[in-house]
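Okay, so chain A shows up in both of these, paired with chain B first and chain C after.
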Partner chain A sequence: MDITSDTHSQHISRQFNQELEELKTHLMAMGGLVEQQIQEAVSALLEGDSRLAERVRDNDKAVNDMQLKIDDECTRVLARRQPAASDLRLVLAVIRATSDLERIGDEASKIARNALSLIEANQGAKGVVEVRHISEHVRKMLRDALTAFARFDIELALEVVHEDDSVDSEYASAMRSLMTFMMEDPRAISPVLNVMWILRALERIGDHANNLAEYVVYLVKGLDIRHVDPEELDEAAIKRQD
Partner chain B sequence: MDITSDTHSQHISRQFNQELEELKTHLMAMGGLVEQQIQEAVSALLEGDSRLAERVRDNDKAVNDMQLKIDDECTRVLARRQPAASDLRLVLAVIRATSDLERIGDEASKIARNALSLIEANQGAKGVVEVRHISEHVRKMLRDALTAFARFDIELALEVVHEDDSVDSEYASAMRSLMTFMMEDPRAISPVLNVMWILRALERIGDHANNLAEYVVYLVKGLDIRHVDPEELDEAAIKRQD
Partner chain C sequence: MSETLFSQAAGGTRSAVIEIPAARSCLEIDDLSLRYGGQPALQGLSLRVPRHSVTAFIGPSGCGKSTLLRVLNRLHDLNDEVTQSGRVLLEGEDIHGPGVAVAQLRRRVGMVFQTPNPFPMSIYENVAFGLRLQVPLKKRRRDEIIEWALVSAALWDEVKDRLHDSAWTLSGGQQQRLVIARTLAVQPEVLLLDEPASALDPISSLKIEELIRNLKSRLSVILVTHNMQQAARVSDYTAFLEGGELVEYAATDDLFTNPRLTRTEDYITGRMS
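Now for the complex of A and B:
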């Protein structure tokens, strides 16, 4: 190979690596934005701040735009670079991840809209303690899933997958208490329903964070662990696998 | 080009086209299965058939397996064939579509589980008329979206996108009546909540059918219309665009 072409191919490969790095960077920025959306939607509820709730609702557009932009970058990389093996898996994992982050953004926006209804009806809501608790839990899952993605960290990703089960049981227990509140005080039905929708949105966010963690296992190890029961995951084998 | 290599490249291209056709065929099979899951979940509710509800719940695994299989086929096509332009868009649209179909499968399974709770509690549920009506509506959307995908039919896809708005307003109105039932009869709270979860699942199915229709526009025209308000879609321009 002559020197010119060698330099040329090194140049291409450096550019390609840079493009892959940018995809990751943009995904992390999108993740940061949706995490902020969740945090602000819940703060709006807890502090009765209707302007903050409106801002979260209106900011959903920015999340959607980021998805379109990143997906477009992924398509260009696929078309121009025709990546294989782990590079291909990275691009596919980013495409899947933007879809989950976009849906998390939708859920944050639902939380904001339900918070607005509660604030407008001037209802001191039951179940707010549970909302705070579960929201902290799923935000931690989301942060950890994003960190695992950025660092290709399988161990952290598997921790997130296991956390999802405990969010699900916290959610089920919170829903049961809310149903009891409703039965005891039928005037509370409407505001309690708003809180139920908020809890449901948080539970869905936990599911999406779990999906993100599964993509990390896919991109690092090439194993698709979606739809595998966390109890049945052979983690030692996943960590060993190359 | 000598004849041998020409024959070889025709052979490759015929195989490639066949692989793309198979992706579509498998996607349609998955679509048929999830449509049946919705139909049976709703029948189980309407006819109080707990064995049918259990079957739907247990069948969700088959939906998940189909997603993994089709996604794996897509990854192989990307790695081996390195498709460009409309072929690349088809593969990406199939990957996105399996994700929506899998989520529709999850929603059908949720409907089945809520139907089971209602049947076990022996509750003749309020809101069943609305469930029947909205379920027929979203099943039609799903069927049309799949047909539009199979035929690359933009007009039909755009019809589905517009239908989603009317499902959303039927859903909102059904939820309001259910809330009134609850307030009038607090003993009905628990069964009415089951019906609310079922309606919510149906509304989500409509959203996913809408997504499928958007992918058809993407794959045929290369236009990403996700997050565009249906009112603001310039359909004439979409149909003209090449």
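Now for the complex of A and C:
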């Protein structure tokens, strides 16, 4: 059966309702923080702001701490409540999601570190257009995946899953053009490599956002669509109401 | 292998019932209804119980799960208040058929209740009791069966040196395993357990659960329980009953991770419906 975010909070035990609500709230807070980390890391690069880049790098610990805290809360719910059905799926989805968000946080600090190298070397902005473009794309994916999680929204989650393919092809084409650039101007190899690492980090963020969207489908429908090619997804079956 | 049949009753209530192939089932319940006086207790239940598996019946108090278990052992026979329709087939044979003797049925379908009820006699005599009612056996053969039953009920090591002590000297958990051994001694095909562990401490409960798991290689077990975690731990299939209706019947793995119907979801997750 399908669950909605409304029916999900009607347990006889209000304490249990509250514990599950807190898991979701804390996950959303963590999502908000990593989204801000990406945004600031990219801004630092685009605006040449080394202090902002340093702040992003240092904030990674806060993301890690949130993962530990939420995982700890999930462990307690499992031990004390022995959740079943959609409650169990929620706890599992939250545990998986914190791990992806933490990895997104790592990618954001990777972007910040590479941005710092570029700023310190005072290097020109080859590939910056691509970084801006792809970063907007993956941030939208992340935001949508988090919204889908908060609202138990399958349709939005499936949109995110399909978006990931276009991020992958944008990434591939950006890499090709940077590769050509390196061959033409060997002096640019070092800064271009920094940009490539940044693009690579953004592409990975897209993959993690895609994972989050897959957890939403698991949470709401009990279907595990990890390792299923998006082209082969039976969306009619996923959206069907039992 | 098995598919779920959705159906919609006239009153608008939906059910989702896994279809166990007849060849794999030991018991078939077919459109069973039962009333206590005017009060309906079971309403048109149909399901098949698989052989060599543990099937749990869960549901709120008064949902009919114990009533159903009692039907399977014909415990309502002497109650004039009870009217019943539909059929129950044990290995294809109607248990209410004219050729079926109740004593014979109860040998094939054993039952254990919530409160351990050992007889006021020795441990040995408790297990021997059912055997003595059957064909006469040589003492040696009888001893072998009693040892086998006590071993099967995971009680042998604890009582082998005091078989002739009173059964009342055993703890609650041991008494319950003794009662199970007494039932096993006559080699039933189906074992009905009505809240077998609810009066026991957690460790004794786990021993009973372990025992249930081990027994299913030899017979089919039907377990009625209020304890959903227990149903989730030991059963292969779970049937959820509510208001005398079968709401959902599914593989336990599916029912506890992804139930098909809202009524089931609400019950197992403790939501108000």
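The rule is simple: the second predicted complex is superposed on the first by the 228 of 242 C-alpha atoms of A that agree within 3 Å, B and C clash if a C-alpha of one lies under 4 Å from a C-alpha of the other, contacts with A are read in each partner's own complex, and residues count from 1 in each chain.
In the analysis below, a residue touches a chain if its C-beta (ideal position, glycine included) is under 8 Å from a C-beta of that chain, and two chains touch if they have at least 3 such contacts.
Note that the structure is a prediction, hence the values are computed from the model and not measured.
Peer 1: Contacts for A:E120 in the overlay, against chain B (first) and chain C (second): which applies, first, second, both or neither?
Peer 2: It touches nothing on chain B or chain C.
Peer 1: Thinking of the overlay built on chain A, is A:E47 touched by chain B (first), by chain C (second), by both, or by neither?
Peer 2: A:E47 sits against neither chain B nor chain C.
Peer 1: Regarding the shared-chain residue A:T7, is it in contact with chain B (first), chain C (second), both, or neither?
Peer 2: Touch status of A:T7: second partner only.
Peer 1: Comparing chain B against chain C, which has contacts with more of the residues in chain A?
Peer 2: Ranking chain B and chain C by residues of chain A touched puts B first.
Peer 1: Could you say whether A:D65 touches chain B, chain C, both of them, or neither, answering first, second, both or neither?
Peer 2: It touches chain B, and chain C stays clear.
Peer 1: Using the superposition on chain A described above, determine whether A:E136 touches chain B (first), chain C (second), both, or neither.
Peer 2: neither
Peer 1: Kindly classify A:L193 by the partners it touches after superposition: chain B alone (first), chain C alone (second), both, or neither?
Peer 2: first
Peer 1: Name the contact category of A:M182: first (chain B only), second (chain C only), both, or neither.
Peer 2: The answer is first: A:M182 touches chain B but not chain C.
Peer 1: If we overlay the two complexes on their shared chain A, which of chain B and chain C does A:Q82 touch? Say first, second, both or neither.
Peer 2: In the superposition, A:Q82 contacts both chain B and chain C.
Peer 1: So which positions on chain A get touched by both chain B and chain C?
Peer 2: Comparing the two interfaces on chain A, one with chain B and one with chain C, the shared residues are 82, 84-85, 88-89.
Peer 1: Spell out the residues on chain B that touch chain A in their complex, using ranges where they run on.
Peer 2: Interface residues on the chain B side: 61, 64-65, 67-68, 71-72, 75, 78-79, 82, 84-85, 88-89, 92, 95-96, 99, 179, 182-183, 186, 189-190, 193, 200, 224, 226-227.
Peer 1: Going by the contact rule set out above, which residues of chain A touch chain C in the complex?
Peer 2: Going by the criterion above, the answer is residues 1, 3, 7, 10-13, 16, 82-89, 221-222, 242.
Peer 1: So in the complex, the part of chain C that touches chain A is made up of which residues?
Peer 2: 228-229, 232, 256-262, 264-266, 268-272
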